[in-house]
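Two complexes are shown next, each including chain A; its partner changes from chain B in the first to chain C in the second.
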Partner chain A sequence: MTTAILARPTLGQRLAGPWHASVEFLRLLSRRPVGLAGFIGIVFFLLLAFVAPLFVPFQNDPSLVDIYQTPSAAHPLGTDFQGKDVLNQIVFGGRDILTVAILAALVSTVIAITFGSIAAIIGGRIDTTILAITDVVLTLPKLVLLIAVAAILRPTSFVFLAVILGLIQWSSLLRQIRAQVLSLKERDYVEAARSLDLGLIHIVFREILPTMRSYIAIHFIFATTDAMYAQVFIVFLGLVPVSGSNWGIMLYFAQGQGALFFRDSIWYILSPILAITLVQLSLVSFASALEDIFNPRLRGSA
Partner chain B sequence: MTALIELDHVSRAFATPAGAITAVDAVSLALGRGEAMCLVGESGCGKTTTGRLLTGLLRPTGGRLLYEGKDVWLTKGADLARFRRAVQLVHQDPYASLNPTRTVFQTLSAPLYRHKKANSSRQALAAVTELLKRVDLTPPENFVTKYPHQLSGGQRQRVAIARALTVDPKVIVADEAVSMVDVSIRISLLNLLLALAKEFGVTIVLITHDLAVARYFARRGRIGVMYLGRMVELADTEALVTDPAHPYSAALIAAIPEADPDITRSKTRVELRSAEIPSLLSLPPGCTFHPRCPLSEAGLCDVKIPELLAIPGAREVACHVAVRERTGARAAVTA
Partner chain C sequence: MTTAVAAKDQVRTAMDPRRYLGDAWRRPISRAVVKALLTIWVTTTLTFVLIRLMPGSPVELKIDELIQTSNGSLSYEDAKAIASGLFAINLNAPLHEQYLSFIWNLLHLDLGNSFLSSGTGVTSIIVAVLPWTLFSVGTGLLLSFGVGIGLGLLAAYRRDSLLDRVVSTGGSLISSIPNYLLALLMILFLGVQWHLVNFTSMRGAYSSGMQPGFTPAFIGDIFYHASLPITIYFLSQIGHWILSMRSATLSALEEDYVTAARARGLSDGRIRTAYVGRNAVLPLVTQLAISVGFIVGGAAVIEQIFAYQGVGLRLLAAVTQRDYPVIQGIVILTTVTVVVANLAADLLYSKLDPRIGRAGGATG
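Presenting the complex of A and B:
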């Protein structure tokens, strides 16, 4: 036991660490069927969006004889107004949506954690300033602001769009992180760390933030869902240049081409909606299980 | 002997919505190396605040905190960091004082790395093992990978003490450190703290509301009795327990239950005039104890605040009447 901690890890042991962590993760997850279902859904959509396009040929040629077909063996989800395969578009349309959503959530979470903890820990004038800015951002009507920003800046790249979404979203999370850190920094173990002179970096990243892991992860997931909706929303409204393929663009065209009004085209408009809904549902149900997974009480007890 | 750490007329006031309260009022206390002393008093008497003032976690609103003769709150940088490490606090609640997400090894090794006492995981583990042995958590390898929730209250408190020891402190302030652990392991924790004082010359201040604990812990040291933010008596434990000078100490001592019911019954209880503790928001004038004090004298005790004065018998007491009776009429006429 003692030697196990001491010895320089071999390659096998190095691999064993993450392997154990993964097994542990799945064990804890398996206790929460809803969370497990969500996790499977997330894995499925990640594979669909990032791996499947590597194996499936992209079909972009209009075929006038196949317009608005109902599902069949050749077109499992039917065809669109140009006779293109809908399933193919679903497969190729996920990557951008998910990348932007995750990137935007990352941007907003990093902003919220950094400035939320700075405000809470340093306090004083810095706290007041950060809070004032946050409150202003918090009161801005997000969607209207998003429309305005998108209309003015015309984000051409999806990374740019992600950053804009992230910059709009951070405010409520920042307030919550600040409140949490304010209460956590009064804990006895933080006081002990102060009197042991462990330094601010240690206190924030080793003592305070780890106890907020589940909290942050859950918020990250909800930020992802928010970013996804917002993004589909502005793409749907045609506020970003329409190019490439993603689920939002599918909706944009489906609506624009009146797919709503034909019985046979219902699969065309429903498919992206269903895809978006299922991703959101998976994320939210996975989030519900995170509380358990991060709880140290449930770890390592097997 | 010069004091290692000293409170010099230290006060601390807090602003509350209902008005300012003075939690600690001009408390003076000097501690030498390796001394084991106790601060006792009922809840709200300012003993915890005094402990936090001693550790420098709270800034006094009046008076000075001296460490090795230097005013701590005037020192900066490396000196201040040295003081911070030299004085450690062990909290009352071992469930709250350890980070639930960190293992015992992580908790104990962080200060070792930070202060260059260990540079490799091998050294850190050796040092952590040594610390765990010192606080009687044996065999140490059973504990290093444990999370706090996997330990009992007493074990956690030992880990908390071990954590304080990582930085080789000169002073440990143990704030009600044994109050929340099981009675059966209190003695062993107290003995552990006493051993630290004896073997490593660590000065230990135990803050407690339990006079029985104080009497055991400070049997070779002193006990300070606090009442509503003021030190009312500071005396050698034996002297205080057998012959308390301040009426408040006398009342506390008389209230300790004895194992033998005959003794308890035959004890003369000190009759207080009131069982109510005055609010800190509206302290009585003069001696804060006078509304409850059996010795209170109108025109003296309710007017003039008594100073903590040395009287014969290795003690200091803040009581007009006790000082007059024990030193002869000479001292009291200064009013």
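Presenting the complex of A and C:
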């Protein structure tokens, strides 16, 4: 009997759990058309941004005879003010923007989880201090600060930009994580772990955080959308001296070159708008569906 | 003897500053005030550090620029003296004195002078543009709050109905489109492709030749010019209010006091407004204040797209002109505005919710 319990699970058994979970997850997701559409959208844009560039040749040569062309077989989305193919720019312009958004979301989520759980578990003066700092950061007009910081520091690398974006948006998530940990702290299984003297590290990483996995995943997605918003915001305003091509830079040039008011170049300006909008919509609808699936209290009769 | 000791003890506890501070901290109103002051202090210090201390800081850049444009006729010391005047900081003083005089000037609302038009105070520049942003952002925010709360309440009552699905899905989708993209789409389709709206006539805060004053024509004109930014602020916030109100109402509906009110035979309308609605809307008041900060920042790009002369547009102009005193002034004044809005919300909250007003009540 004891040996049966102690026996290590075979590979098949170990994969069975996650496999069943994924099947169950897809089954629940398929009942939510909006969420499913979001999931498909995310997969599509990840493939477009990270895989498609490997198979498509990069076209970066300006061609003055081809400027502002309407969509055709050679240029499915037309051309821009330099005669470059718009579709090609969309394919190559996703990687940087998605990487920065994900990186920034990672930075803010890690800050929020670390200090949120420290505040909730240790409590006392540390809790008060962390909470006071969070409250202050929460009220700051972050986009105004972002403009000022970008104008003065002029972040040239994408990693630096991601860190700045991550540093301005952790505050509301920290409060939510703290509240979650505070309520989980009182649960019986955490009490049990504490009475067994399993140590703080074990309690946080083995007992409390795993329970919050889905919650963290959902808020990570929302953090990604926030970072994406702020990133395109700052790039579109031309405040980041960036080189290369991403959807935000396309938008900046399209607006700067007056493509907005030029009737024939509608696909030139519409393409980056649609790309960013569809990514945001996919992320939000997928995250909302996840919220619905993982929070049975809201699941109701749907 | 014992009474004397007890009395002495009492005096000591009453005088103990730590005890006194602790009591004050537990009082939500004084805590809100402290939080507000702390926020303003953090922002001002941050701008000071950014402008004065960062490597390649604006002060150093300005000094270099002055020396270069004068073709060597200015010595470093002279350029530094001019920069001192421009930034309203005595650059030769020790750093802590610079910082203190910076704070001292701020307390007198002296934000220095603009680089470009020397002699024009930053304060007067901001005072000229701030009302327009507050007006457009405030109107858009209050409209979306009012409508969103109504729709959210409705959606919660008709949970899982077609109306609920349309309202909550539609609201969340439209609000997840970044507001600047929504603004671009609006110009693209309503203006350029379909020729429904004449955008160029709507630029600026009011038409040139209009006499400012409390005349119906002028007020109409203001709304005409602000209508696009207001629409965008409305659309980009509405989904948030719908969803928050919907979930707040759903959880309020499960409360015992609602069941009790039903059992007492109160009318549905009264339960909806006075019991469910009032309790559900309370937490949203604080969110309203937080979103002020968010929209004021986001207003920069919206004002740029629609060429609406508010704080955001002025900030962007200052950024391209590297007019640091104006940047600094706008950052500080926007923060103060947002903080005051938050403080007002905190005070309003304690008025609306009698449980919060008492010392030692619910803590955040």
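One rule holds for everything that comes next: the second predicted complex is superposed on the first by the 255 of 302 C-alpha atoms of A that agree within 3 Å, B and C clash if a C-alpha of one lies under 4 Å from a C-alpha of the other, contacts with A are read in each partner's own complex, and residues count from 1 in each chain.
By our rule, contacts are C-beta pairs under 8 Å (C-beta built on N, C-alpha and C of every residue); 3 or more make two chains touch, one makes a residue touch a chain.
This is a predicted model, so every value here is computed, not measured.
Enquirer: Quick check for you: in the superposed arrangement, does A:R125 touch first (chain B), second (chain C), both or neither?
Expert: In the superposition, A:R125 touches no partner, neither chain B nor chain C.
Enquirer: Go through the superposed model and pick first if A:L140 touches only chain B, second if only chain C, both, or neither.
Expert: After superposition on chain A, A:L140 lies in contact with chain C alone.
Enquirer: Return first, second, both or neither, reflecting whether A:V232 touches chain B, chain C, both chains, or no partner chain.
Expert: After superposition on chain A, A:V232 lies in contact with chain C alone.
Enquirer: Which partner reaches more residues of chain A, chain B or chain C?
Expert: When the residues of chain A touched by each partner are counted, C comes out ahead.
Enquirer: Would you sort A:R213 into first (chain B), second (chain C), both or neither based on which partner it touches?
Expert: first
Enquirer: So which bits of chain A does chain B touch that chain C touches too?
Expert: Residues common to the chain A contacts of chain C and of chain B are 300, listed in rising order.
Enquirer: Show which residues of chain A lie in contact with chain C when the two form their complex.
Expert: Residue list for chain A touching chain C: 34, 131-132, 135-136, 138-149, 151-153, 172, 225, 228-229, 232-233, 236-237, 239, 251, 255, 260-263, 266, 269-270, 273, 276-277, 280-281, 283-285, 288, 298, 300-302.
Enquirer: Of all residues in chain C, which touch chain A in the complex?
Expert: 35-36, 38-39, 42-43, 46-47, 50-51, 54, 57-58, 159-160, 169, 172-173, 176-178, 180-181, 184-185, 187-188, 191-193, 247, 250, 289-290, 293-294, 296-298, 300-301, 304-305, 315-316, 319, 322, 324, 327-328, 330-331, 334-335, 338-339, 342, 364
Enquirer: Tell me, which parts of chain B touch chain A in their complex?
Expert: For chain B paired with chain A, touching residues are 55-57, 81, 84-85, 87-89, 91, 93, 96-102, 105-106, 110-111, 114-115, 121-122, 125, 129, 141, 144-145, 147, 149, 160, 163-164, 166-167.
Enquirer: Using the touch definition from the top, list the residues of chain A that touch chain B in their complex.
Expert: Touch residues, chain A against chain B: 1-2, 5-6, 187-189, 191-199, 202, 206-207, 210-211, 213, 296-297, 299-300.
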